Amino acid sequence: MPMRRARSLVPLVGVLPFFAYLLLFLLIPTVVVIVGAFQENGSFSLSNIHALTNAATVDALRSSVVLSASTAVIGGLLGALLAAVIASAPETSLVRRAVLALSGSLAQTGGVSLAFAWMATIGLGGTLTTMVQNALSIDITASGWLYEMPGLILVYCYFQIPLMVIVFLPALDGLRPQWREAAQTLGANRFQYFTQVAIPLLLPAFLGSLLLLFANAFAAYATAAALVSQGSSILPLMIRAALTSEVVLGQQHLAYAIALEMIVVVALIMGAYAWLLRRSSRWMR
Amino acid sequence: MNARRLAVAASAMLAMTAVSACSSAPPSKSGGNSSAAATATSAADLGGMSKLVAAAKKEGSLNVIALPPDWANYGAIIKAFSDKYGIKVNSAQPDAASQDEINAAKQLKGRPTAPDVFDLGQAVALANTDLYAPYKVSEFDKIPSQFKDADGTWVNDYGGYMSIGYDAKKVPAVTSVSDLLKPAYKGKVALNGDPTQAGAGFSGVVMAAVANGGSADNIAPGVKFFSQLKKAGNFLPVDPTPATIEAGQTPVVIDWDYTNAAETAKLPSWKVVVPGDHPVGGYYYQAINKDAPHPAAARLWEEFLYSPQGQNLFLQGGARPVLADQMKSDGTLDTAAYKKLPPVKGTPVLLTQAQNTKAAAYLAKNWASEVK
Amino acid sequence: MKRWLRWLVLLVFAVYFFGPLLSMLDFSTKTGTGGRSGAAWKALVTNHEVLGAIGQSLLLCVTTVVLMLVILLPTMIWVRLRLPRLKRLIEFLCLLPLTIPALVIVVGINGVYAWVNYFFGYSPVVLTFAYVVLVLPYAYRALDSSLSALDVTTLAEAARSLGAGWLTVITRVVMPNLGAGILSAAFISVALVLGEFTFASLLNYQTLPVVIDLFGKRDAHVSVAAALGSILFASALLLLLSLAGTRSRGRKGA
């Protein structure tokens, strides 16, 4: 009896380095944030948690979720499409390598330079704006859509799509041609192969990548800060305002409370994702 | 079961030790802060300017923060200081706001990369006086009393007035704040920063308030003005930068007159106007970090900023140096640069700390909803 | 997929992605008087501070990728083989660094970094510890995509029945089959290190993005050239990496 119990503990040693590392560099910062969310003026207080129910904060939460979910889905689908296109190319193909290299670097773009690049294209006096103005006499900047949700979605996809390509391509690469051949010999047509073999196999990786894209957009703020610098319309901008405002002071703990809220939201989304996976992959181990 | 419980208990204790260790600071390796310069309240405490210069040169470098090169000519000031004394100036976080400077000082405390000196907006400056070391520069007595703390804990260095900058090639000339509501400015007017976050944005709202019947005590008309601006479709929520100005993405910018003036140097068609009969002014505050890693260099920097050379460099950047009147009567003022400043008429409006707090609270409640 | 359809899709994506880059190139080569000039680019590539920072950042890339692989890869394989119940926990932990904005992580990580500086000094390379954490979400997903396509359990059982120890299973049986995932994880790590600004700036380290940002402040055209230059530099580096990666790998696994 004792030997079996001792043996069940041994595998945990294998993950010890990982957890020790995370403890130092991730969990401690997270604990500091969570503890800070329940403090105000040096003592325990729920005032900042209560402040999360303000109209402005709820509005920012809604905008954040809408922005992140739509760019995750749009970016995910378009990224999967692009990944599928280059997955079919051989590994030594220059096009595949170039797309992958460009995707890697574009996945990390953002902030002031990305906002500037888009404004320089479709903003006031932008290259495309001028072209369309001269050719069709239409002012595409008229409604100011670039500085509202549609514009943010368009600009966010600029780094969401490459990110999807980078993290989803390995899954596509894992689809062995032997499986497709096996399905064909068993009498499946193309559609059946996709819906009954390829998609179920790719679904966990696809949903996992969508989850990553959601979290990526959820906490991104540098781009929105440059494009929509007025009004703190999304949660991370509220955090930035609370931590760095030189006009309204003393709000750090509100920032931690909002950060706690963000962690909870992502945990919930992850729960939904795990549930979805369990339901859809019941036949896979 | 015992082995598992033991393992869980051991890891929990390890975790708690790690957490408590990380909330306490490691033993300090550097003993430099016990030098004489760290407690000097004037150059005389060290035995005179030449001793201060020698001590600063010995330290060899200076950490500044939140000083963009084109803000009040700081690029030239940093270079002039560095060339004059041979001290390397490390300029960190040029885009940081005043609160970021304080955050950095607190987070990097005790490290050689902590900021030595601060250049802060009013609200943040007066809220963090316990972080500063008092110091009186040589010119301290010449500075008017309303621009300094009696002990030298903080001192105003330069100031300016809220202005409207516009590209004369792209929009018609602006003469007053209410001009901006006209259809010719549709989708073109940007404010430098959110008023609930940035001092420049905040003062922009005060300027709009004063121009529309409000005052330093009542900024509601200013918020209402921007709400109207947004409804007319003229308000651009973009954060204006030199790049957006020069690319024509933000043809009208409400900002301090010295920041707008810096753009005129790069874009000749950029004009700056300080509208109205009650220009809204604001001064910035200099302070030395109590735990500065280079205390002598920090004090030498202050001496440099308040010397005629330093103050004239501010002037050449379009900012109004705090010693301007004194230097005019001494004959050390750069009169050519002084003439280039945008004309200002009427009595300036300068907010007190109380008015600042009241306005900030009003903005925090109303700004976001008004400009949605 | 039909060939022409593939090229059409690529063309549409190319327009979307290259459009803004071309606009940046357009602005960075303009002069005030309406002409064209490469002065901004010339200033960028000849500045010795920028060039010096490149070396530091490249070193940081290497250390981050190596440490990330050492910490993450064996753990993920081990969990898949022996501790499947921990999978969700690890997945959530690997998503956490992405959820909390860097601005907030810095506040918490500051205490830890005081000790890191005490032991390891003040060179920018100590950012490796923080960067590995920042890169975890992306690396985890790329490696997991690759792992999920592999039947790790069968491979492991086969290897064990032939007498291999666990270390051999991980390093010589499973890892070689994860090439695509490892390459993707390395890609995103390199791109992150070359583009990460917030952490380095707030903790006051002079990495390439920080140096470039300060350098760009002097002139708008230079700042846009710097941003575009960073993207091109990272892409070129990744292209080189992919050339090296495919050449050194052997046959694809079963």
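So that you can tell them apart, the chains are marked A, B and C in the order they are listed, and the count of residues begins at 1 in each.
What we mean here is this: contacts are C-beta pairs under 8 Å (C-beta built on N, C-alpha and C of every residue); 3 or more make two chains touch, one makes a residue touch a chain.
Values in this document were obtained by computation on a predicted structure and should not be read as measured data.
Engineer: Which chains lie in contact with each of chain B and chain C?
Structural biologist: A
Engineer: Based on C-beta pairs in contact, work out which chain pair has the most and send it over.
Structural biologist: A-C
Engineer: Hey, how far is the Cα centre of chain A from the one of chain B, in Å?
Structural biologist: Using C-alpha averages as centres, the distance is 35 Å.
Engineer: Could you work out how far the Cα centre of chain A sits from that of chain C, in whole Å?
Structural biologist: Roughly 16 Å, centre to centre.
Engineer: For chain B, give me the residues that contact two or more of the other chains.
Structural biologist: In chain B, residues 22, 103, 241, 243, 247 touch at least two other chains, as defined above.
Engineer: Quick one: which residues in chain A touch 2 or more of the other chains?
Structural biologist: As it turns out, chain A has residues touching two or more other chains at 12, 24, 28, 31, 112, 116, 120, 126, 240, 243-244.
Engineer: Where in chain C do residues touch two or more other chains at once?
Structural biologist: 27, 107, 111-112, 223-224
Engineer: Inside the complex, what are the residues of chain C that reach chain B?
Structural biologist: 27, 32, 106-107, 110-112, 114-115, 117-118, 122, 201-205, 213-214, 217-221, 223-224
Engineer: If you look only at chain B, which of its residues touch chain C in the complex?
Structural biologist: Those residues of chain B that touch chain C are 21-23, 25-27, 29, 63, 68-70, 75, 91-95, 103-104, 107-108, 110-114, 241-243, 245-247, 266-268.
Engineer: If you look only at chain B, which of its residues touch chain A in the complex?
Structural biologist: 1, 3-4, 7, 11, 15, 18-19, 22, 96-100, 103, 120-121, 123-124, 127, 170, 187-188, 191, 193-199, 201-202, 233, 235-239, 241, 243-244, 247-251, 360-361, 363-364, 367-369, 371-372
Engineer: Help me check something: in the complex, which residues belonging to chain C touch chain A?
Structural biologist: 1, 6, 9-10, 13, 16-17, 19-24, 26-27, 71-72, 74-75, 78-79, 82-83, 86, 88, 90-93, 95-101, 103-105, 107-109, 111-112, 129-130, 132-133, 136-138, 141-146, 148-150, 166, 178, 180-181, 184, 187-188, 190-192, 194-198, 223-224, 227-228, 231, 234-236, 238-239, 241-243, 246
Engineer: Could you pull out which chain A residues touch chain B in their complex?
Structural biologist: 2, 5-6, 8-9, 12, 19, 23-24, 27-28, 31, 55-56, 112, 115-116, 119-120, 123-126, 141-144, 147, 225-233, 240-241, 243-250
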